[in-house]
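You will see two complexes here that share chain A, one where it goes with chain B and one where it goes with chain C.
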Partner chain A sequence: MIDFRKNADRILKDPVVVNAVQRATLHALKKREETIERIPDFEDLRDRARLAKEKVIGDFENYLKLFKKNATENGFIVHEAGDAEEARNLILKILKAHGARTVVSSKSMTQEEIEINPFLESHGIKKYETDLGEFIVQVAGQRPSHITAPAIHLTRKEIARLFSEKLGMNYTEDPEEITNFARNFLRGKYFKADAGMSGANFLVADTGSFVIVENEGNARMSTTLPGVHIVVTGIEKLIPSIMDLPVFLKILAPSSTGQRQTVYTSIFSRAPEGREIHIVLIDNGRRRMLKDPILREALMCIRCGGCSNVCPIFQLVGGHAYGSVYSGPIGIIWTYAIFGHEVAKELPFASTLCGACREICPVRIDIPRILLELRRRVVEREGGRPGEKILINVWAGLMTEPFLNKIGFRVASKVQTVFKKGDKIKSLPSVLSSWTKFKDLEPLADKTFRELWKERKGS
Partner chain B sequence: MERTERFVKELENNDCEVHVVDRKSLKENLVNYIGKGSKVFYRPSALIKSLGLRDIFELTEDFHEGIYFGLSEADYGIVYSGGLVELANTREEKLPSLLPEVHVALLREENIVEDFDDLFSRLQKPLPDITFITGPSKTADIEKILVRGAHGPRKLIVFIVANEY
Partner chain C sequence: MKVLLFPTCLVDHIKPKIGFDTVKVLKHYGVEVHVPERPACCGQIAFNVGYWREARKMASSWLEIYDQPEYDYIVAPSGSCVHMIRENYEILFKDDPEKLTKVRRIKPRLFELVEFLTRILKVKKIPSKFRGKITYHASCHYLRGLGMKSEPGDLLKNIDGADFKPMELEETCCGFGGLFSLKFPELSFKMAERKVKSMEDVEYLTSADLSCLLNLGGVLSRMGLPIRPLHIVEILAEGLEDD
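Up next is the complex of A and B:
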């Protein structure tokens, strides 16, 4: 089981990490706001993106079939993997067929989900992460702590030491020089690698294309230079049409890093002659989500990281506390859906249900509603005691009455006071007992998140 | 043209250096910028071929480390994103805008379009590979400090070739 409280306790003892995470998340939010100011139809774009995703979810198998047909006509070799193990074996088989010993790879959450790196390593294949943040984290033997800033928990001093010890860099703490060292190091790998791997941000059904967005150019390198390219992607990345793509490109970067657009967007629609491009489509629990009336909405996620940036819990503890490749509010849901109840049963309580995630989500996923449902399921399966059930019901009551949302947290904070005094609190599945430790946890205070957010921006 | 002005502004917002030149002075501008005798890794296009650059630069379609300049003609410019669009049918065509230290891009003014939709509605199936480029390669992965030239070009220079009337 992922022990969120223990992880969080550990992280909270490290002021450097806490500080870095807070700075990174608030910085992205500020940039987002500035960028959106210049996109007058942003709300409309969100609706259109949501609609396009609803179309896919509503008729999933047909869109997937259409994508596979078109992708195959484009010359791509399409594979499907039911679970992580099948995916790993498929990828290994392709790599072996090309005699691959080294692989360069751009960022892909799905690759991390199926834990491909240790598997390939155990078969004698070295895979280099080429996104700078991912590369740093890989050299450090760690896990990314933020979706768009994977190495945010490390200081330049730590990175300098790491690179000089493990890669023989001449010690420097200058970010530009460190970046340059990594650039040169990885340049050597791109040209020598036997295969390139990547994820995909979007799969376009009506053209059979896949789309990758990035800032560094490492994805362009990894997908272009080696002789064979393997795309590893979840089946939920589908969008209906290339004409929908502009809408998604217009909401993704602003919601993510706060840029108007990322530096590079690559749309692949053909396999040049003599070159193999494989697309490995991964289910690994996604069809199960699709059949679940509550969880299916989470499949619309475009992984912008916005909900993490705005989440008061994430801002405090960062991605590592979630103990999973998927962190932040939506990450809780994905972790529960993909890795299961036993692994993730504590996570649904690592939220204040303040609703900020729902407000920021570019595809308007009702994250609090899903978290609440997961809490209900956890309590049901764990055989919650009466006190817990009452509490869950209180939360449920608050959250399903939209008009109460604004004042909800003041009410909630009162509820908290009541329960804090009673002895029932001890048996609660971390829902409040952990929060009482986080003294500065805001949304359960007397103000709503919005009010606090306004104040914070003002200061 | 008003659209061009807006496009230039967006490009500059995206950290590009932009020059609007007329067709006659394009060659001279390139020579001044790149420098006579320089090695240039390029993607051929009708416009580039018509300039007669062979006697000025050492043009090559084969990259090797140490080539400083990449030269290509972008197929479109998009005002909305302040970016360039490169269409490619082979992977070699994608490399001059990616591998060198500095990417020099040419763009004919008539190929500036307002928005993504204008581009997609012009393209026909089967689609070529499409790359949107909005600025030099970037990272902020170390303490959120912006560094240019993470993996690709450290600089993007755009020469917009003005329409002739």
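Up next is the complex of A and C:
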């Protein structure tokens, strides 16, 4: 089980991470604001994107069928994988057929989801991440801490140290020099690689094309230099038509990094002569989400990472606290849906339901509503936590039975004097000590408002 | 105009003064106020943490008390309680047509106090005698749920003796989140601390939700900072003629 509280508390003790995450997320938000100001029809674009995604969700199998048909006609080789294991084996089979020993790959959360790297490694295939952030995380032996900015938790200093220790870079903290070093290191790999892998941002049903957006040009290199290209993608990436694509491209980058547009947008519409392009479509729990009246909305996510940037909890602890490839508010939902109740049952509670995620989400996913539903399911399945359950039941009794309320209030306001220091409560026992460990508490009044009101009216 | 007051459980049991100040402000505008005798809680503390059965129990009792057609409006000095009833009761009673009818009957007549003042009574300026430097925390459900963005600040700015100083992180959650504050105490504290640190050169912190003020106030007090939390109605009611 993922223990969010333990993870978060550990990270909170590391001011370097807390500051790095805060700086990066606030920077992206500020840029988003500035960019959106220059897109007068941004709200309208959000509605249109949402509508397009609703269309897909509403008639999913037909759109998928259409995509597969068109993609096959375009010369792509389309595969489907029901779960992660099937996907891994499929990919391995393709790589083996090409005798691949070295693979270059551009950023893909779906590849992280199916844990392809250690699997390929165990079969003697070395896979290099070519997205700078993802590459850094790979060298550090960690997992991405943000959906779109994987190394958001690391500072320039840490990256400099990492590269000089593990890759023999001459120590420098100059970002340009670090980037150049990584670029040169990876360039060698591109030309040696036997295969390229990538994810996809969009699968276009009516043209059978797939779309990759990126900033570094590494996806282009990874997908075009080696002899075979494998696209690993979730089936939810479908959009109905190429006519919808501009709408999505206009909202994705601003919501993500705050850029007007990403630097590179590649639309793959035909497999070139003599090169194989495989598309591995992954279900891994997505059809289950589709059948779930509440969870299905989460399939509309375009993975912009905006909800992470704006989340007051994510801003403090970053993605690693969530213990999953999918972090931040929407990541909670995805982790629960894909990896299941037992793994993720604590995660839905790691939110104050402040609603900032719903407000920023370019496709208007009602994240707090889904979290509420997941909490209900967790409590229903687990029967609730003992201390918490008692607390809530006592509360419900006190708030619905006038007699209990009167007695309970009397007793509590007497008992509290033991814990009072001056006009505040400084320490409390049991469950409530969680509060007083960090904060003072306002004591109960001597008489309730209703009692006082009655007295005043009587006088 | 007859109004039924929902003091909210926190105000009722912890800060009765907020209840009286609410009455004071309403009376100032000629509203007749009634207070039910029975205790009530909207149930969000249970609902938000997944205990829908217990939430339903509280919500049913709330409906029984407040579904009284002879009152023109129901007013509460809390954004999050109003949000709970307005947004979540229909989810809670999805399969209970009788309760659903009640909820729909009540919803259009239910308002948070500042919302009621600005949207129904069209108040622009309150003759409050409050003096001092105030900053404002936008509670989440109030801001994003009820859409109360500029109204509270506008009222505060228009108080002659008050110096209104917006804080940098006005719209960032304070970290209360109901039982969230007990489940993740350290994180909740850090969230509140971050907000508190962004308040500069002010004497009072105000908000439309007592829950947030208890949270932020608890941190202010523990840190020994000289900023006093006050509910927005305590500021608006200051110096208004008592009936």
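To be clear about the criterion, the second predicted complex is superposed on the first by the 384 of 459 C-alpha atoms of A that agree within 3 Å, B and C clash if a C-alpha of one lies under 4 Å from a C-alpha of the other, contacts with A are read in each partner's own complex, and residues count from 1 in each chain.
As a working rule, a residue touches a chain if its C-beta (ideal position, glycine included) is under 8 Å from a C-beta of that chain, and two chains touch if they have at least 3 such contacts.
None of the values given here were measured: they were computed from a predicted structure.
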item: First (chain B), second (chain C), both or neither touched by A:Leu186; value: first
item: Touching partner for A:Ser164 - first (chain B), second (chain C), both, neither; value: neither
item: Touched partner set for A:Ala151, first chain B, second chain C, both or neither; value: first
item: First (chain B), second (chain C), both or neither touched by A:Thr102; value: neither
item: Chain B versus chain C as contact partner of A:Ala8, first or second or both or neither; value: second
item: Touched partner set for A:Ser266, first chain B, second chain C, both or neither; value: first
item: First, second, both or neither for A:Val317, with chain B first and chain C second; value: second
item: First (chain B), second (chain C), both or neither touched by A:Asn215; value: first
item: Shared chain A surface residues [contacts with chain B and with chain C]; value: none
item: Residue ranges of chain C in contact with chain A within the complex; value: 7, 9, 11-16, 19-20, 35-41, 43, 45-52, 54-55, 57-58, 61, 88, 91, 140-141, 144-145, 171-173, 175-192, 194, 214-215, 217-219, 221-222
item: Of all residues in chain B, those that touch chain A in their complex; value: 13-14, 65, 80-83, 89-91, 94-95, 98, 115-117, 120-121, 125-145, 147, 149-153
item: Residues on chain A engaged by chain B in the complex (per definition of touch); value: 20, 23-24, 27, 73-74, 130-133, 136, 149-152, 155-156, 159, 175-176, 178-180, 183, 186-187, 207, 209, 215-218, 220-221, 224, 242-243, 245-246, 249-250, 260-270, 272, 275
item: Chain A residues touching chain C - in the complex, by the definition given at the top; value: 4-5, 8-9, 12, 312-313, 316-317, 348-356, 358-359, 372, 375-380, 384, 388-389, 392-393, 395-396, 398-400, 402, 405, 409, 424, 431-432, 434-435, 437-445, 447-450, 452-454
